[in-house]
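Paired with chain B in one complex and with chain C in the other, chain A is shared by the two complexes that follow.
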Partner chain A sequence: SQSSEKHLGQFYTLPSAHFRPLFPHGLPYRYQQQVKTFNEACFMVRPPALEVISYLKKADYSKPALRYLFYGVKGSGKTMSLCHAVHFCYTQGWVVLHIPDAHLWVKNCKELLPSSYNSARFDQPLQATTWLRNFRTTNEHLLSQIKTKRRYVWTKRESTDEGRPLGELVNQGISRVKSSSDVVGALMKDLRLQSSQPGADFRLVVAVDGVNALWGRSTIKKENKSVDLEELTLIHNLKKLMKNDWTGGAIITTLSQTGSLYTPKSAYLPQELLGETGFDSMDPFIPVSVPNYSEKEFESAYLYYLDRKWLQHPQSRTEDGKKELSFLSSKNPSMLDRICGFL
Partner chain B sequence: MAASLSGLLKPWTPRVFLVRWSRYNPYYLEPEVRKEAYSQPESELSAEEKEQRELKMIRPIKAAASGVTSSVFSDPVLSKFINMMMEHGNKVLAREIMTQTLENIKKKQVEKYHKAPEGQKEEIECNPYTIFHQALKNCQPVVGLESIRKGGKIYQVPIPLSDKRRSFLAMKWLITECRDNKHRRTHMYEKLSQEVMSAFVHEGNVIRKKNELHKMAESNRAYAHYRWW
Partner chain C sequence: MESTAKKRRCSFNKDWETTYHWVKPVQGDSQRVFCEVCQSSFSVSHGAPERSGREFGSRKPRREEGEPRTEKMPLDQDWTAVYPAATPFRAGSVPLPVRMGYPMKGGVPPEKKGNLELIKIPNFLHLTPAAIKKHCEALKPFCTEWPSALDTDAKCDEHFPIKVECTDYVSSGLSVRNPSARIVQLKVKLSILNLDDHARKKMLKLVGERYCKDTDVLTITTDSCPLRQQNYDYAQYLLTVLYHESWKTEAWEAEKTVADMEEYSWEGSPSQKNIMDMLLRMKVAGEGEGEEVQEQLLARSEVQEYKDSVTRLKNEGDNESSVLQYKEAVKKVFNL
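Take a look at the complex of A and B:
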C-alpha cells in the first residue's frame, strides 16, 4: 500500500509511533542524527528495497525461508534498504529479529565468559543483554502472545517452564547477565521451531547487517590466543538461524566491508566478502544489488534537502551548484549526505 | 661503512617541488581561477580587458596555489580562517574541523527551526555561512593599541587599524580563545561552534575581549596625539 513502483524516488515518512520501537538499533549513525535534526524519519523508495518487499508479499511461507542479500559499494544504502524492508515486515505484524551489526559481536569484546551450557564455547554477556533489551522494545506486543515450547534450565534454582510467554524468557536473560547468551540461543531456536509449524500465527523475519562477519575472522583474544568463530555462542546460534531449514519467514541480510576484519577496502561483491565457506553456506540466496543514486533519485534527494532547509549555501541552489554536488559525491548517498552537511 | 653505502647515495631531489613559494620573476602573471571570467564573450571593458587578455597570451603565468579552487562554494574568508587554524601543515584536519563546525551550527539552527512555532520561523537564521561572517564582523575591533615610547615612558596609544588587520585579529582571538580557555575534553568543532554562536548574538569571551580593548583605547584617548603617522 505504501510502496509501489509509482513512488520510486519519492520519500516515505515513517509514522513517529513506529520509529522508536522499531529502530532502537540498526540505523546508520548519521541517519539517526538527521532524524533528530529534521524531527521526522524519511526513507527514499528505491528499487532494491521495493524488489525485496514485492518478493516478501508474493512468497510462499510453507516453503523454506528465502535468503535475500543486499550488496553494493560503501555508502550506497544497503543498511537503509534493510531497514525499509524490516519496517514493511513490522507493519505486517511479523516478529522482527534484527541484529544491527554482526561485526560488533566479533570484535572489541570487553568480557568473555566460558559458556555454562557448553564448556568449549565462550559467552558474550554484554552484547547479548543489550541486544535482548532492544529486541524487547521492538517486539513488546508480540512477546506476550507467543509461548515457549520447551523447558529451559538455567541454573540449579532457575528454570523457565514450557508454555510461559516469551517475554519472561527475555526478561530472564536481561536480569541474569551470566546466562544471557544462552537465552539468546534458546530464543532463536524457539522462534525458529514455532514459525515452522503450520498452525503458527506469526512469521519471523531475521535481519542481519554485516552477515560476512559470521564467516570471517575475529580479533577477540583469550589469554593471547585468538578465539575461533565457532567458539562463540552468539555466532554459533546465529549461523544455525541462517540455514534455511525452517519455514514461515524470511532472512534479509546485508554485506558490509566497513566493519569487517581482514578484508580489503575495495571488496564489495558477495564472493569476495563472504569467502568460500560463507558463500557455500548461504548458497541458494537472492542477491540484490544496491547501486548509487540514479539521476532521478539524486534530484529527489536534492529537493528533499532543499525542502528541509538543510542546503543553506546560496550557491547550492543554482544549477552550477547542483552539478558540482553531483560530481563531488558521484551520486553516492553517504557522500552526498556528508557534503550537503556543511553546505 | 661509507664505502659500502656510497653506491646508494644519489643527489637528493625532493618528491614535491615547491614552485609557488620560491620567488617568481615579476614578469609572471597571476592565474585567473573564476569560471565566469572565461565564459564572457567580447562584450565588457573592451580596451582594458582585451589588453589584459593579449598580455596573458604572451606572458608566462604562475602556478595556482593549492588552496584556491574554481568551485562555486569557495570562500576567501573561510580559506583564510582554515589556514590560520592549520598546524604543521595539516590542511586536511583543519578543513575537516571547519566543515564539522559549520555542520554543527547548521544542525542546531535547523533543529530549532523545525521545533519552533510558525510565527518565529523567519527569525531563526539557519545559514552557517552568514552566521560565521556576521560573528567575525562582530568580533572585529575598531581601534587598536600601539606601544609608543615618548620621553623614556611607554604609552599605549589608540591607533586606527586597516581592514586586513581587523579581520586578522578577530580570527586570531577566536582561535586562541577556543584553544586555551575551554574545557580540555571537548572537540575543537564543538568549542568553535559555541563561540561562533555566542559571537553572533554579541555574547561570549571574544566579544568581551574586543570591548575591553575598546575601553582601554577610550581611556587612553588623551595620548592619541602621540601618534605621528
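Take a look at the complex of A and C:
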C-alpha cells in the first residue's frame, strides 16, 4: 500500500480480494458492520500505524524481533491501527499470526480438557479450532510452501512427519478437535524456528490484540477453583511467542481495557494494564500512543460519513452541527461512530 | 339536650349557635358542625357538640405570631449577643435567606422557616470571628507572652524540633474531667534525626502511616494511657526506641526481597537481563562473552538512557511523558 506521510488523514480502501482472507477475525465488531453497510473497507491513515509501518520497513530482520505496543484510551483506534499494520505486512507477503483478542482465551471457556501433551495444563479445543480455521483462511497461499521442521506425534496412530506442508498440520488440528491446542502450540513453535533461520523466505508477524490478557487473571473455573493462566496451553504457547528470542519478524500488539478482567475502567497506560510481570516480559518494547482524532482527522472522518450519506440529519451538514459532533464525541473515533449512527 | 335513649340521629339545631359560639353549620350536611376554634368539622349525629369535651372552652384560641426578630435586626448589631453559646438553629434569629433540603420535582430546596434539616445539623453561628476575638480577649489574662526571639517558623524548628500538642476541654457539667484530654500528639521532622540510608528506610517501614512524605513530618499520637503525663512519656519513649531500632540491623533483614524494596533499582532486575540478552544477541559489541562485554554495553549512552527511563517508569508509575521517554530510549537502543 502506498501509505506515506502525504496521505495522513485520508482514507484508503482495502481491495476486497485482500479483505476477505485477511480479516476473518480481528476487526472491531462495529467496523465489520460498517464494512457491510458501505460495501467497502476504508482505513484512515493515521500517525501511529504509519510510525509502526516505517519501523517495519527500516528494521533489520536478522536481529531479534521487535515488539510494538499500541496503547490509548478506549475507542481511540488501537485495533484499527493494528489491522492497518497487519495489512501492510500481508501485502509484503509475510505470514500473519493474528490473535483477534487474547481476552477471549481467558474467559467464558465452555470446554476445558486436560492437555494430552502435558498433564498439568488445560486445553481449550473450541477456541483453538476457531482460531486455526481463521489462520488457514488468512495464510492459505503460504501454508503449502512452508514445510514442518520436526515430527509431531498426536496419538498412537496419527503423526505429522517432517517436511510436510504446514497446511496439513493446520488441517490436522481442525479435524481432530481434541489435539487442536497442541497443534496451535506446534505451529507457533515451528513458525518461530523457521523464520529465525537465515535462509528463510518468509517473515512472521505476530499480531495480538489485548496482550494484557496474557498477564492478567482469568475467570475460567475448574471444579470451582480459578485456573491459573500458566495452566492454559494456548496462553503458555503465546507467551513463548511473545519473547523476542526469535528473528525474522515483528510482534505488534495492542492493550485493551475493554475485555480485560479485574482492571479499572480508566486504566489505559502500558504499565497499568500489563502489570509488573507483563511489563518485565514485554520489556524492551516500543510503546506507540494512539490518541483521539486530531482536527484534520476528524474533518476527514466527518467528510467520509457525509460522502457515504451516513449522516442523514440536515443539521449535521452545517458548521454548527460539525462543531457539535466534535464536542459530543470529544473526537474519539468510536464515540463519533456511535453518535453518527443515530443521525 | 342530650338523651341517651335516642333512637334517631341528631342534626344541626339552631339553638347551638347561641349556646356555643364557636359552632357554625356546615353547608350540605346537617349532620356535621364546624368548629371555629380548631377550624375543622365533626359529626354530631350522635348528640350535641358538647359531647366532644375537648372543644368546650378548654382550648385557648391560638394567638397570632409576631414578626420574626430578623426584621428588627440593625446591620451593625452585635452578633455575639444573638448567639452567645451553641444553640440549635432558630429561623427567626438568623437574617440569612438559607435554603436546605432536597428539591422536589420542579422545585427548590425548602426555606429556613420550620426547616428541620437546618435544626438537626450542628451550626457554628456562635463561633464567628468576632466571637472568637472576644474569647481570646477573655483568655488573655491567663496567657504569657510569645518569646520575641522566635519570630519565624524556621527558628522555632531549629530550637524546638519536637512539637507536642495536647488539648484541654472546658465544659459545664457534672464533672470537669474529659477523657479526650489525655491524647498527646508528638510531631518531629525526620531530617533533624541523624539517620543513614538503611536507618531511614527501616524507620519509614516501622512507622508506616504516621509519616507524611510531603512535609517530612513524623506524627506519633498516643492515647493508650489514662493520663496525659503517661501518654507524653510513652510518646517520648516511642521516638527514642524507633530511632535506636532503625539503626540496628537484624539478621532477618538480609531476606529482603524485591517486593519489599521501596524504590525500583535497575541493577539485577529482569529489565536489565532482557536488554543485556538482546544486545548480546544483536552482537552489537562484537564477539565475546564475559564481564568486559557486559560492562562495555552498560557504559553505552543508550543503555544508560534506557535504564533511566525504566527506573522512572517504575518509580513514578505511568504517565504520558515517562512512557514517551521510554519509547525514545528503546528506539535509540534499536537504532530506529
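Here is the rule we use: the second predicted complex is superposed on the first by the 342 of 343 C-alpha atoms of A that agree within 3 Å, B and C clash if a C-alpha of one lies under 4 Å from a C-alpha of the other, contacts with A are read in each partner's own complex, and residues count from 1 in each chain.
Definition applied: contacts are C-beta pairs under 8 Å (C-beta built on N, C-alpha and C of every residue); 3 or more make two chains touch, one makes a residue touch a chain.
The structure displayed is predicted, hence computed values, not measured ones.
Touch criterion not met for A:V153: it reaches neither chain B nor chain C. By the touch criterion stated above, A:L261 is placed in contact with neither chain B nor chain C.
In the overlay built on the shared chain, the residue A:E324 is in contact with chain B alone; chain C does not reach it. In the superposed model, A:N39 lies in contact with chain B only, and not with chain C.
Contacts of A:Q315 after superposition on the shared chain: chain B is touched, whereas chain C is not. In the superposition on chain A, no contact is made by A:L303 with either chain B or chain C. When both complexes are overlaid on chain A, the residue A:L193 reaches neither chain B nor chain C.
The intersection of chain A residues touching chain B with those touching chain C, taken from the two complexes, is empty. Interface residues of chain A, counted against chain B in their complex, comprise 33, 36-39, 308-310, 312-316, 318, 320-321, 324, 341-343. Looking at the complex, you find that chain A touches chain C at residues 55, 58-59, 63-64, 66, 71, 244-245, 269-272, 280, 283-289. Listing the residues of chain B that touch chain A in their complex gives 35, 71-73, 98-100, 102-103, 106-107, 110-111, 113-115, 126-129.
Residues 269-271, 274-275, 278, 281-282, 306, 310, 313-314, 317-320, 323-324, 326-327, 330-331, 333-334, 336 of chain C are the ones that touch chain A when the two sit in their complex.
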